[in-house]
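Presented below are the structures under discussion, each in the form of structure tokens.
Each of the next two complexes has chain A plus one more chain, namely chain B in the first and chain C in the second.
So, the complex of A and B:
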């Protein structure tokens, strides 16, 4: 009996594991069960057999095209957020006066939330906003279309990407760049040959997170977008199916499709990540 | 790169109005091994970073013959540097770490290969060439860092406490290795350390720094036998630094001790007397002290004793006394150094 307990304890199984139970219960009740229930629901449409809801979604171009619309918004937005964060974070990685103020300013959009951002965009870039009053005519339309949503995704997604990348960058030992400099590497070579390869895994993770955030865009697609046309994203389709048509199986099926697409993109990004060096970013025994 | 001398002229660096390094002037001959020695915070690493171009100078200039270097960025100075934490690129193999500098200098591929191979052989890492730095031991990483710096045949190699992260045995081995490399390659080297033994055993000339000020520049023998002041003496292993007074011409007294010593200071002036533990001998006719602590050190024992007035003195003896023993100590007047207090 004692021997068995020792053997189990060696594998990390002992009485302390019971401490996990309350948390496990919460996860089961609040996450696993509703999730499984939704997936189950998607296979029980009122007509068309087990895959009926999925068939409905994929056979109707108006529904099916929301995938392309959403990817068309979220992929470029996530890429731009990551790409724009890298040089700014790189510039700000050291210590300098006013760094905290600048970081705070960059973080504000996250705390404001999408609705306030959307309102600001409407007031500023809308047909009667400053932007269009200064510009002659009605040549540039930047709200209630693709660009409105795109800007909104950048404004809310960029600070997030920036903060993550800044922390990844601060984790890279600064003496590595100094070493590269004494070995004759100019700033671009130092960045490309040393910093970027060490940062790449962090970039992949940041991309995944900002992409998932952007892919589930809903408020800004409705408020500053064109929710019936060019920015009819997949979450709008799910909302319509669920709360306007009251077709819960279809709504669940759309949600499952959303999840699968996100998983595929994340898997691709993490697959690319594994091609890079993913170990420690400090140098030797410090 | 051929040059005849590297000249530092009044190199000064301030951090927020406080001098970290003040007016370091030094001419380094080709092939010379210079050690910058001092306690932590003395400005020795600042001096090295200024030389490497990683810190801009506040004042002064650095010259390689007639070429001014201090206005160039680090990548254009052509120096090699070994960092305290080695700063090996963790995502590149040993081979590619070593080849990095050659590639940056657009050396033809075949030559990169040949010189990298040579450097790997030089530091005896042949079987580890394909490994990542994280897979190596501390000593091996150290050798990669050295190979990476010397493969460029730089006009100057800078080493920032390269042995401080190694254990005692490895430190001795690597010290010999660095000396061997310097002898075979003849690369001009500036070596920063806080370990006087390391500095004395490696360097052709030493620069002792304290609070950013140069205290003394000289050969190991000069510093060892004739330190310029009490601080240098302290650093050179003069463990007995005793506050005393010149009692008569040729005699110092105080702290319960009395020695004969040569000093030009006037009678009655306060002085600090420096004596190495090994120069304080147990013998008849000396000053009485009481043994307090005895440390076994192989053939000898290090003894801490107290004088009658309670001042601690350190000595090394071959015959081990016991704590509590009363002995008398004498010192050769030529080995008793007297500095103004």
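So, the complex of A and C:
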């Protein structure tokens, strides 16, 4: 018995690993089991055989098009959030007066959450809101359509992406860039050859997390969007199936489709980053 | 090291974009704030008069005391449970190498990488099946799903910063695992624990989807109650909805001020420390 314990301990298995058990149990009971249950449920619709629920979803254009709607909102929003954050964070990664205040202000929209942002956007961008009063000419319609939801994704997503990228950037050892500067590299070369490759994992993670936020857009799509038409996103379809039509198999099937699409995008992002990373390392050596 | 910002065109563009963002953000928040104090506000810059009546109305009509109590109960329970469960796990994941570690890490990462609606719908179905949903317990259980992994991820860098030699020294002196935890690690990890707790608190108070899917009439948190009053627009005066939104915002802002005493937002995922400025 002792011998076995020693041999397991050599491989890194001992009683200390029991500290993992509570967390593991929680994730298994509250995440893995319900998910498996949902997947199972999605294959047991009341009619139409094993794949009936999926067929219902994909054969009805009103349901199927929610995928394109969701991606049409969340991909541009996530890309814009990350793309805008990089130059801003790159310029602000040093120390300057008021940095703490600015990062504090940027946390505000994250904590506001989508519901409050929706309420604010309805007031601010609405036909008689301040934004349309400043703009000359006729009122621009910016709420209850695609743009309302898009702005709400930017307002909640941009600070999140910015703070993550800023923390990744300040995590990169500044002496590396100083060394490059000593060797005569200009700012673009330093950014391209030193910072960007080191930032690549952070960029990929930030994109994924921002995309998840944008992909699961639900309250703002209902409140500032046009939930029956141009912003009927996939989470609305899932909610309607489950809580208004009480068709749990269909709701689970939509949730599974959502999860799969989301994981595909995340996998593509992580795959691109690994391609990108090896590429720059080799060119650095060569 | 001092890096002065000189006014190159790039700097102007960057600061311009940031300023534009903040102006619009101020507009979004300000319009809710002004509207909540206004009497009648239709096609003018500012309301015709100002009043504080809407707050009283919102407080009575929406039963905000109960909602706030529920919000507080849910968030404190979620914070306490997720820290207690997440901290030991993050310690093992940060310090130990064992077969299946990467797989386990991925498993803990998944709930954060999935949109809440995706697992929220099957989770709510299961919680309804066992009678948890519709009560406080169901809301707490649902909110634990993203919170535990979040604690694990937040705590890992903090644990990695603690020198293992200190723990080994304690072990040499005869401390057992729980003694190492309570006497050595816990005091050193207080900043990390506070950071993780505050972040989980903010996330739970702001978490809409999971609470929305599992809450019953007596277990709504503030953000869900706000959503219901907004989507049932037309029944209530716009201003009393705004007043409720302002109450929610001020609660979040108080939390935020508390949070920022313990967390530097930029150091959330940073591993290497900034240069000392001299």
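Just so it is clear, the second predicted complex is superposed on the first by the 267 of 286 C-alpha atoms of A that agree within 3 Å, B and C clash if a C-alpha of one lies under 4 Å from a C-alpha of the other, contacts with A are read in each partner's own complex, and residues count from 1 in each chain.
Just so it is clear, a contact is a pair of C-beta atoms (placed from the backbone, for glycine too) under 8 Å apart; a residue touches a chain by one contact, two chains touch by 3 or more.
Keep in mind that this is a model prediction, so the values were computed, not measured.
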{"item": "Touch count on chain A, higher of chain B and chain C", "value": "C"}
{"item": "First, second, both or neither for A:173, with chain B first and chain C second", "value": "both"}
{"item": "Which of chain B and chain C A:182 touches, first, second, both or neither", "value": "first"}
{"item": "Chain B versus chain C as contact partner of A:53, first or second or both or neither", "value": "neither"}
{"item": "Touching partner for A:237 - first (chain B), second (chain C), both, neither", "value": "neither"}
{"item": "Touched partner set for A:193, first chain B, second chain C, both or neither", "value": "first"}
{"item": "Chain B versus chain C as contact partner of A:224, first or second or both or neither", "value": "neither"}
{"item": "Chain B and chain C contact sites that coincide on chain A, given as residue numbers", "value": "173, 175"}
{"item": "Residues of chain A defined as touching chain C within the complex", "value": "11-13, 16-17, 19-20, 22-24, 26-27, 30-35, 37-39, 41, 84, 87-88, 91-92, 94-96, 100, 102-109, 111-121, 123-124, 128-131, 133, 155, 158, 163-164, 166-168, 170-175, 202, 208-209, 212, 215-216, 218-219, 222-223, 235, 238-239, 242-243, 248, 251-252, 254-256, 258-259, 262-263, 266"}
{"item": "Contacting residues of chain A [partner chain B, same complex]", "value": "173, 175-176, 178-186, 189, 193-194, 197-198, 276-277, 279-286"}
{"item": "Residues of chain B defined as touching chain A within the complex", "value": "52-54, 73-81, 83, 85-91, 100-101, 104-105, 132-134, 138, 141, 145, 148-149, 152, 158, 165"}
{"item": "Chain C residues touching chain A - in the complex, by the definition given at the top", "value": "1-3, 5, 10-11, 14, 17-18, 21-22, 24-25, 27-32, 35, 42-43, 45, 84-86, 88-89, 91-93, 96-99, 104, 107-108, 110-119, 121-127, 141-142, 144-145, 148-149, 152, 177, 202, 206, 208-209, 213, 223, 226-227, 230-231, 241-242, 245, 248-249, 252-253, 255-256, 259-260, 264-272, 274-275, 277"}
